[in-house]
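Each of the next two complexes has chain A plus one other chain: chain B in the first, chain C in the second.
Let's turn to the complex of A and B:
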């Protein structure tokens, strides 16, 4: 009887010990699997972060490229160009047309850039913003200014021409200016 | 005894079962995320290419030149989808998207890119590896925009009995898929464009182009004629409507300029002509209505040329 009880106790103990070993193995395996999963997740996150940082750079580069190529040809677009109003001039911006354009809300999104400015270089009138009253003595025409994150600007030299009147004589006045285009940072 | 043996044969320990389930889950997740990553990569490349195509057309803006040409080749065969939306915003939108061939099926790659200041004239889908673009400015009566004509190197356009002006222009462009028939033969499968009553794919009359049994009307300089030749009727009509919206805005800029110059002493005979031209242009939604404002445009051009101060 005593033997029987001892045997039963021993077998119970043996059962628990086997069970524990099994549980340990399962725990080990699950830890291992979790570690492997975590490793792959971290590698994945690292790859994604690397990829998306590259993507942001690509987006910025494309926007800068857009601004750079746009500035080189913007003077020829119908909203800016002199056409034949001042004779056949290339890279000529019609100041009177641009002043009308500057007040238009319709063109906010049209050129796909953040800012377009025309800065007079000669004569240099500093940062005095142009309006209809100070037209001749101002130094900066803000054609377009959107309140967005911006990228470095691109610029080109242009002739800024307008009609002037002196002693009842109407003549063309052209000044040297810089057309500055700033792209939008969409990242 | 046998019964017990059989049961043991089928028994899988919990450890194995657990490993199989978790292992399968990990493999499934790995495949799922890899596929997603490949798709994201494809979308990114597609979007970059689409944006690049749009940006590359910036230098096609013409100054005093009558037309400009350029071409680009992509590493894979692609389809460029040209979509025109004349309802969004004030100027409507030019949208382009791409798809590439994968396992003999066309799959859309990348996002749709839209531009307000571009006008692409082509079929709804243009397929190929090498694409030719040429641009020409549209004047009505002042410069409105540079129209961009997009064609694939797989399509050859043969101009039959074309007027001297067109022949000269096509020869000067030296674009390899545009041929003037007379100098050379039209290759097999080439799209024929006749300027008389010949049996051709496209027929050009004095103020309209007949294509797919539809009449696409053009006015102004011959830029719109090329536009009608190279684009599908739907794209053409939509772009004409967008161009008229821009015409209206530019006319209104000239109206403001006229007021400014009047204050400075310039005299004009326009009176309210520019403003009414602007209003009329805004209402044009189809090429068949272009002739309604053609006379007004010509009239404005004459008045401008006779004026003391030139507006354009």
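Let's turn to the complex of A and C:
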């Protein structure tokens, strides 16, 4: 009788011990599942962040590349270029054309950029803004300026040419300038 | 009971390691992607500089026209003088030096560390202008032209 009771107690103890082990395994499993889920959630967030920041960066890079291409395109466009007025020159901008263009409101949207300016590098005339009276001695021609969100500027060297008169001699005067184009940030 | 505690500690440690590694990965990758910036000097800027410098109209009058830099090089090679008696090589040297100085700001604080302009014919060096330090990162442009059977090369390097 005593042995029977002892056996029963032992099997009861064995049952509880097994039950605890099972509980612990379930607990271990749930912790493991939580950790794995957390890991994949983090990876997912990371991928999403990278994708969206990548998209934004690509958009910005494209805008910048467009601005850079536009710099070269503008220098050779009919609105800016010297054509053959000063001989076969490349990267040549006609100062008279630019001055005429700068005062026209119709071209504000035409080029699809935020800002276009031409800064004389040599001779260096500082920041004196150009107008029709002083454009031979000024330093900065603001062709276009729109009040929009902007990208970093792109620039290229150009020859800013005009006709000059010196002692009844008409000659071509080409100065060194920088065409600076600032793209519009559409993001 | 001790075994259970140990197991839990291991799991928490494992989870913590995963979180820490993931966060570090995020930070490193984020920084490396954002770190790619625009180059200090663009190739097209260097190329356009050479082209426009050659087209610049100098104050050297030869009796017919005010000479652009490209023609000044020819006149310098022929050892001619301007109408006012100045040596064309001196005018060329002064003009190109001044143009480069105004176009590229060279210092330790600016992105451009130095530059070199070299004008050569097949036989001799017509002009050499050097400014600042020559580093391993540079962009170069070269233009060739000829007159009266003589070939000229102008090369320009910007160090950054």
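Simple rule for what comes next: the second predicted complex is superposed on the first by the 131 of 187 C-alpha atoms of A that agree within 3 Å, B and C clash if a C-alpha of one lies under 4 Å from a C-alpha of the other, contacts with A are read in each partner's own complex, and residues count from 1 in each chain.
Following the convention adopted for this analysis, contacts are C-beta pairs under 8 Å (C-beta built on N, C-alpha and C of every residue); 3 or more make two chains touch, one makes a residue touch a chain.
What you see is a predicted model; the values in this text were computed from it and never measured.
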| item | value |
| --- | --- |
| First (chain B), second (chain C), both or neither touched by A:47 | first |
| Which superposed partner A:58 touches (first chain B, second chain C, both, neither) | first |
| Touching partner for A:90 - first (chain B), second (chain C), both, neither | both |
| Chain B versus chain C as contact partner of A:174, first or second or both or neither | second |
| Chain B versus chain C as contact partner of A:39, first or second or both or neither | second |
| Partner chain(s) touched by A:72 [first = chain B, second = chain C, both, neither] | both |
| Overlapping contact positions on chain A, where the chain C interface meets the chain B interface | 72, 90-91 |
| Of all residues in chain C, those that touch chain A in their complex | 3-4, 7-8, 11-12, 14-15, 18-19, 22-23, 25-26, 29-30, 33-34, 38, 42, 44-45, 48-49, 51-53, 55-57, 65-66, 68, 98-99, 102-103 |
| Residues of chain B that touch chain A when the two form their complex | 13-15, 18-19, 22-23, 26, 29-30, 33, 37, 40-41, 44, 48, 51-52, 55-56, 58-59, 61-64, 89-91, 115-117, 142-145, 246, 249-250, 253-254, 256-257, 260-261, 264-266, 308-312 |
| Residues on chain A engaged by chain C in the complex (per definition of touch) | 20, 24, 27-28, 31-32, 34-35, 38-39, 42-43, 46, 49-50, 53-54, 57, 64, 68, 71-72, 89-92, 121-122, 124, 152, 154-159, 161, 166, 171-177 |
| Chain B-facing residues of chain A, complex | 22, 25-26, 29-30, 33, 36-37, 40, 44, 47-48, 51, 55, 58, 62, 65-66, 69-70, 72-74, 76-79, 81, 83-86, 88, 90-91, 94, 96-97, 99-101, 104, 106-107, 109-112, 132, 163-165, 168, 170 |
